[in-house]
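Paired with chain B in one complex and with chain C in the other, chain A is shared by the two complexes that follow.
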Partner chain A sequence: MSEQLSADIVVIGSGIVGSLAARRLALQGASVLILEAGPRLDRGRVVAAFRNSPIKGNWMSPYPPSPWAPHPIYVPKDNGYLKQAGPYPYPAEYIRAVGGTTWHWAAMAWRLVPNDVRIKSLYGVGVDWPMSYEELDPWYQEAEELIGVAGAPDTGSPRNQPFPMEPVAEPWSMRRFRERLAPAYAVVANTVARNSRSYGGRPACVGNNSCQPICPVNAQYLGINAVEAAEVAGAKVVPNAVVYRIEHDAKGRIAAVHYYDPDKGTHRVTGKTFILAANGIESPKLLLLSASDKYPNGLANSSDMVGRHLMDHPSTSITFYADEELWLGRGPQSPSSINTLRDGAFRSEHAPYRLDFTNISQVLSVTQDLIKEGVYGTEFDKQLRWRAAHQVSVKNVLEVLPDPDNRITLSSEKDAMGIPKPEAHYSIGDYTRRAAEVSKADFARIAELMGGTGLRYSAEGNFANNQHITGTMSMGNDPKSSVVDGFGRTHDHENLFICSTGVMPTAATMNSTLTGIALALRTAGHILPKPANAHAAVSNAEREASLS
Partner chain B sequence: MKRMTGRPVPLLALICVFAGLYAGTAAATDSANTELLQRGQYLATAGDCVACHTAPGGKPFAGGLPVPTPIGTIIATNITPSKTAGIGNYTEQQFSDALRRGIRADGKRLYPAMPYTAYAQISDDDVQALYAWFMHGVSPVDTAPTPTRLPFPFNIRLSMAAWNLLFLDSKPFTPDPGKSAEWNRGAYLVRGLEHCSTCHTPRNLLMAEQSSHALAGGEVGTWHAPNITSDANSGIGGWSASDLVAYMKLGHAAGRAQAAGPMAEAVDNSLQHLTATDLQAIATYLKTVPAQHDPADTRAVDTWGAASNELDSLRGVALPSDPNKMSGAQLYDAYCASCHQDSGQGSFDGGLPSLFHNTATGRTHTNNLVMVILDGIDWPADGSGVHMPGFAQTLSDQQVATLGSYLLKHYGNPAAVISADQVKSLRAGGAPSHLVLLARLALIVVLLVLVAIIAMFMRRRRREAIQAEHD
Partner chain C sequence: MTNELEDVMASHDVPADPSRRRLLAGLLTAYTASLIPWALAQPAPHADRGAFTALSAILVGRQALDATQTARLYDALVADDAHFPADVQTLLTLINQRQIDPQQLQNVLDTEHSPLAKLPRKIVGAWYLGVVGSDEAARCIVYETALNAVVVADVLKPPTYAYGTYASWANKPI
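What follows is the complex of A and B.
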């Protein structure tokens, strides 16, 4: 079992971010090897698992963890993989499989707003990014063209080129929200990696309303599409390769990585350049695991910042009955939102937020409520129909500030392969809690405008998590306070780069995937600069492959 | 021949027209010229020249598309007005000869991959408009694609002269005075520019269309071009003219069929751009094409099947770990049901087609069902329109066979089946043609016969000589 693997570029992690960086580098002519801890999945089998499962509401259920590469599971009970050190729970979900966590996501592909990268200068909170929004714009555009983003122009994120696609058709429920909340609130179509028409060899959304746990028709761009694009470009993927150590040489350059196969056979992979792209939890875990005599605190960690500044997007919400039939559940799960509160002078006082409307079918949750209430018989049918038609929900998506005490560390517990589990230390600060209080007025106003009855606010002090893992390997210009530089290169190791939402210094109010991809493409472009005339997002080779 | 004698006049007229244009004098000639070019462009669209003469991603009409044929791959040529790489030096007569007789300007023969046997029907007026447009409406491209190199004996282009003698009817279309103008227009388009028979008429051993079975269905590589005669079961006899027009305009006729493969290309490149009048004319004519009945079609091919499902057999049952052991119902549930719905009924508006009452599942000839599962549907070429994902990379030969047979049994003609070997062969590009081998064998036989004849002749001469000596 000691075949020698080697490549110009070795990428650890096959998620959407790492795979798109791998694709770009492979198109440049580099030999690229992607190591993925989890197994390769087949979309059809995931679809079948979901369609035939009695558990429809838990989006992790079609993705059981593999024994050699476990990931956190909380339903029906916590599998104890992501240890919780408190004080506030951080029940992050992610998938360790070829393609990564975007096997299931809402396909939200938001850009930041320009001021998100300057909140220290402008509002005296958080930190500034080592780049401007304008510098990110072309990389956002390249990312959007690659993954096929549909969006409305008026979301607060300026752009120089149009979206690749017009927005996905607006569901009836969202149309009614838009009409009834105007002019108090502008409800706009979400910016999503979901096809509103055929694009990239994938069909348009047909409204299965199961974006999570799985888009069954490939209308939504998934990590597995990125993997396949990387493979078409020439990258090789090794599944079931659980990297447990990154090896450096005497000068501090990375020489190799070591992985276990599922039988715990060991393998060493050498390369010229290494990219760590194993998400914001597994990546810092691996850096900490790779401690050596020369680097006793782990690799890339001379600043002691690896794992720190863990951020996500906590949410509070309101659920109520609108005074008209809206029938959530037709079209994508998350079609529209309010974006006017993403930025403003108030950011010196409290977090900004986005207000997001769910469009998930209410039949399941209403049924569960009615059973709990003891309703049965014809009254059950009547109530089910009425509530499923009228029940709606709005949540906020709150920014959290980077806090060094919010962090990922190594647990003393080990997984089945003998590798320490990650441990989360998390709390939700006052800056965020104040915004949750402020947003209650928005919830009340929205309910009022929709003729809402039966108002139910989420329980006081309870925040739902959004699985937007950010911050644990922050980028910055100062090697003393950050892990990577503005191009994703670790300050401590010349040939180790990080492509991950974990490098984002702040979390802003937007789902982090698109920014993660844009930063990764920028990193790839820094590793191997592309001639200006070869900047096509989709290569001819790929076009031909998609035609064949 | 009338065509020959008629030639100089329109050519002269054309020269005058362009002279007028360049001089910028007469507005009337300008508009006549514009009209001529527009008509030429429309006719070129009807002829679907672009389908073969443009490579994917290449410049229009610059050639380069490899066209696989049973006798080898033919590379489509550059037909832009480039004087170095295209047809820029062609006279109208040379253009006409290439188009309608299969003879290039240098006198060499074209292979009948170029449908000159159909284009022979084109009228002199239309040839003139086509020539005008190709010379002045198309941008010249000065790069020549690699020349076609066929295996022996087909590399001898002169062999096509003999083929033409046998199979080329070079008489232009003559209207049938007993039929309506609409019918005649339809017949002219179907037999000529649209060259429907090129795909839809079966071919004999020498790859010539069997005119006695016109439009009874033919093979186009791995795809089957179905029977489009007026037979009620096997053909389009049960279709209304508006069904046919919808199919040609939109690529699908609700509750009947949808275009895929080469037919989707024909709709994309050509048919959808025709005027409503011309589409109506084509429909009118097709409805009168003599019926060709396949006894296997015991009912109309678009009336098989009904909504049904086997969901009860799936719920709570774990998928087999070996993907090849998945049942048809399991495969349908995993890969098809999210669009075509639980019972194969498609979407309420027909945007996602029903799988029953659909020619895709109603024919005993099942290659198209396999091909659409493997390749999907994706047109127009910019990917903005109709799209069904292909499953060539996802499903094994066995899985496609299991799934396809399940679809036929539940939603289509239950007498039809799909085998894993069939899928394997189609995935690999179809059954190999033995035409090259046959031609070579035939040549060897001819040579042997010739040698035998010569030997006999020599022997006789010797015997005669010996006899003469003895005399």
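What follows is the complex of A and C.
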């Protein structure tokens, strides 16, 4: 055992969620230590690795796993890290590196709609959250100002303060969707952590169209920006520190965490307060791994809810050729959505959904199609240009209800460090499947309004996954049915908090990270309360930063 | 530690390899190789490469192919499969003798269960995607000058390259 590390606050995981909680606590004067399983990456080298990648359709390709902190890889071959217990596959994607998974996110930074937190009361499905939307509003605002969110007012999510930035300029393709789908559908700009002007010392977007897997110019906020902000605030980050056990004392308080370095040397880190922020899969894994005589089912698990209620956002889609040249691929990848189906009385019958337009360049996929079809000679260029100009795609982003049988457990298989791998048990319920059926009519109508030909629906019963891991450490007021309280404190351990999208008790229809950050800031504010004008203070700091 | 991981880690101990990309930067200098009937007459280090140039030109419908890129793709294809040069000669001969329209080629090979049926896709994939080999053996040989980038270069930049100043994408593309 080498040096003894200790801090007021020990954070496990340097993803965007944990790092922003760490930053806030460090600014409050606490000593903060962030233990991160993966290595530090270099943006320029990630860009180079992507350009050199033979599988550019796979956004994990520039993020190879480290032997000491593996993450799931599926292409070209499943590395077998996330075990699949079925019945439906759950091919979660995440990155174990300093900064975490948002190295390659799309930076959609949506708020919930107010009714999302009351679906049990209003529609008789799922569960209610232990807080109202109004309580979340100031924390959303703080999160949005920190990460630099650009958005339009008409998305269905009310707010008391303006967005930090105007929406990102609308690509021509999305303008044509907006014009041609009106008035049947309102197409609005996505709410995104992408700069529409210089903000936070980072430049405006220049349209590289590689937001996934990497923004080369730092126009899109990433977890690594959060790590750097935490470091500026005084937090210390230890990379390559794979936490494998959380240790409690006789009273059930957390006393220390243990990590392996890449050579499997062991280290013990003590602290006063512990924050688990290792994402919606690795965090429950760690709680289960930390079982002891006193807590034979794992920590924070007296309810048996750790790892359960796994949710994400499955999608079905339509791809077709519009009757005019739209040339997807100019500007950012995720510019626009239809938000009007995110709530309604129908939620007692089927899932709500957001309809999401991609602006990802179609060049790669149509090239692959043409090669598959065996098109050669001068026809190839002609077809390639025509399809790249006309091909478009729309997907739904469907809500999944919490189901205790959908869960993360410990696999009997172990990784190279001897740590059990996570295992996913997953299925897609009828509530979600019914919505996929309903949304087909929307797909057809959208295609019709765009003069669509060559309509291709995603294969029946096939759902793509959106990598929004939620539910596995759900918050609630009742310790019998939830893992943490409304402030992220575990019901079972007074000084153990969880900051993660995994604390969200329902998944709603929006990408979950902004909500995860807002909840984490609220948790940090609960651990160390700020003076009454706390939110304003952070906003001013960010405003100043944005002028730099 | 894996090489792929070393490629993206920030550690200064890991040797950088910028030459890989810098090599690609100036590839657009025009060196034109004529196609059938002239392709075989073009200077090529050997007949195998000449056949590859000619077959490539037919398959990708080009009157000119960059010589450096031709050489790089050829070398990679040979490294991936030692039979490649002989297969290219055989297929070129087949097309010459039977005057097969490129549009019909795959169909003909598939129908006849030809052992060469996989060859055109290999070559076209190399040119248009810049990728040689499959699955774990796949390698990216060129990116910015892969033909699928070149064909749309008046409208799109390859992903990771800036499209233009902020909001330039709001205009009509063409």
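Keep this in mind: the second predicted complex is superposed on the first by the 531 of 548 C-alpha atoms of A that agree within 3 Å, B and C clash if a C-alpha of one lies under 4 Å from a C-alpha of the other, contacts with A are read in each partner's own complex, and residues count from 1 in each chain.
Definition applied: a residue touches a chain if its C-beta (ideal position, glycine included) is under 8 Å from a C-beta of that chain, and two chains touch if they have at least 3 such contacts.
On a predicted model such as this, the values are computed, not experimentally measured, just so you know.
Novice: Output check: A:55 vs chain B and chain C. Expected answer is one of first, second, both, neither. What do you get?
Specialist: second
Novice: Of the two partner chains, chain B (first) and chain C (second), which one does A:380 touch, if any: first, second, both, or neither?
Specialist: A:380: touches chain C, not chain B.
Novice: First (chain B), second (chain C), both or neither: which does A:206 touch?
Specialist: both
Novice: Looking at the overlay, does A:266 come into contact with chain B only (first), chain C only (second), both, or neither?
Specialist: neither
Novice: Quick one: is A:325 in contact with chain B, with chain C, with both, or with neither? Answer first, second, both or neither.
Specialist: The answer is second: A:325 touches chain C but not chain B.
Novice: Quick one: chain B or chain C, who's touching more of chain A?
Specialist: Touched residues of chain A are more numerous for C.
Novice: Touching A:47 in the superposition: chain B (first), chain C (second), both, neither?
Specialist: Touch partners of A:47: chain B and chain C.
Novice: Which holds for A:218: it touches chain B only (first), chain C only (second), both, or neither?
Specialist: The first partner, chain B, only.
Novice: On the A-aligned overlay, A:132 touches which partner chain: chain B = first, chain C = second, or both, or neither?
Specialist: neither
Novice: Overlap the chain B and chain C contact sets on chain A and report the shared residues.
Specialist: On chain A, the residues that contact chain B in one structure and chain C in the other are 42, 45, 47-49, 51-52, 54, 197, 204, 206, 208, 216-217.
Novice: What part of chain B is in contact with chain A in the complex they form?
Specialist: Residues 56-57, 314-317, 319, 323, 330-331, 333-335, 337-339, 347, 352, 378, 383-389, 394-395 of chain B touch chain A in their complex.
Novice: Flag every residue of chain C that touches chain A in the complex, lowest number first.
Specialist: Touching chain A from chain C are residues 1-2, 4-5, 7-11, 16, 18, 20-21, 58-61, 101-103, 105-107, 110, 120-121, 124-125, 128-129, 131-133, 135-136, 138-140, 143-144, 147-149, 151-152, 155-157, 159-174.
Novice: Considering the complex alone, what residue numbers of chain A touch chain C?
Specialist: Result: residues 39-42, 45-56, 62-67, 76-77, 169-172, 175, 196-197, 204-210, 214, 216-217, 325-327, 329-331, 361, 363-364, 367-368, 370-372, 374-381, 384-385, 388-389 of chain A touch chain C.
Novice: State the interface residues of chain A toward chain B in the complex, per the touch definition above.
Specialist: Chain A residues touching chain B: 42-45, 47-49, 51-52, 54, 197-204, 206, 208, 216-218, 540, 543-544, 547.
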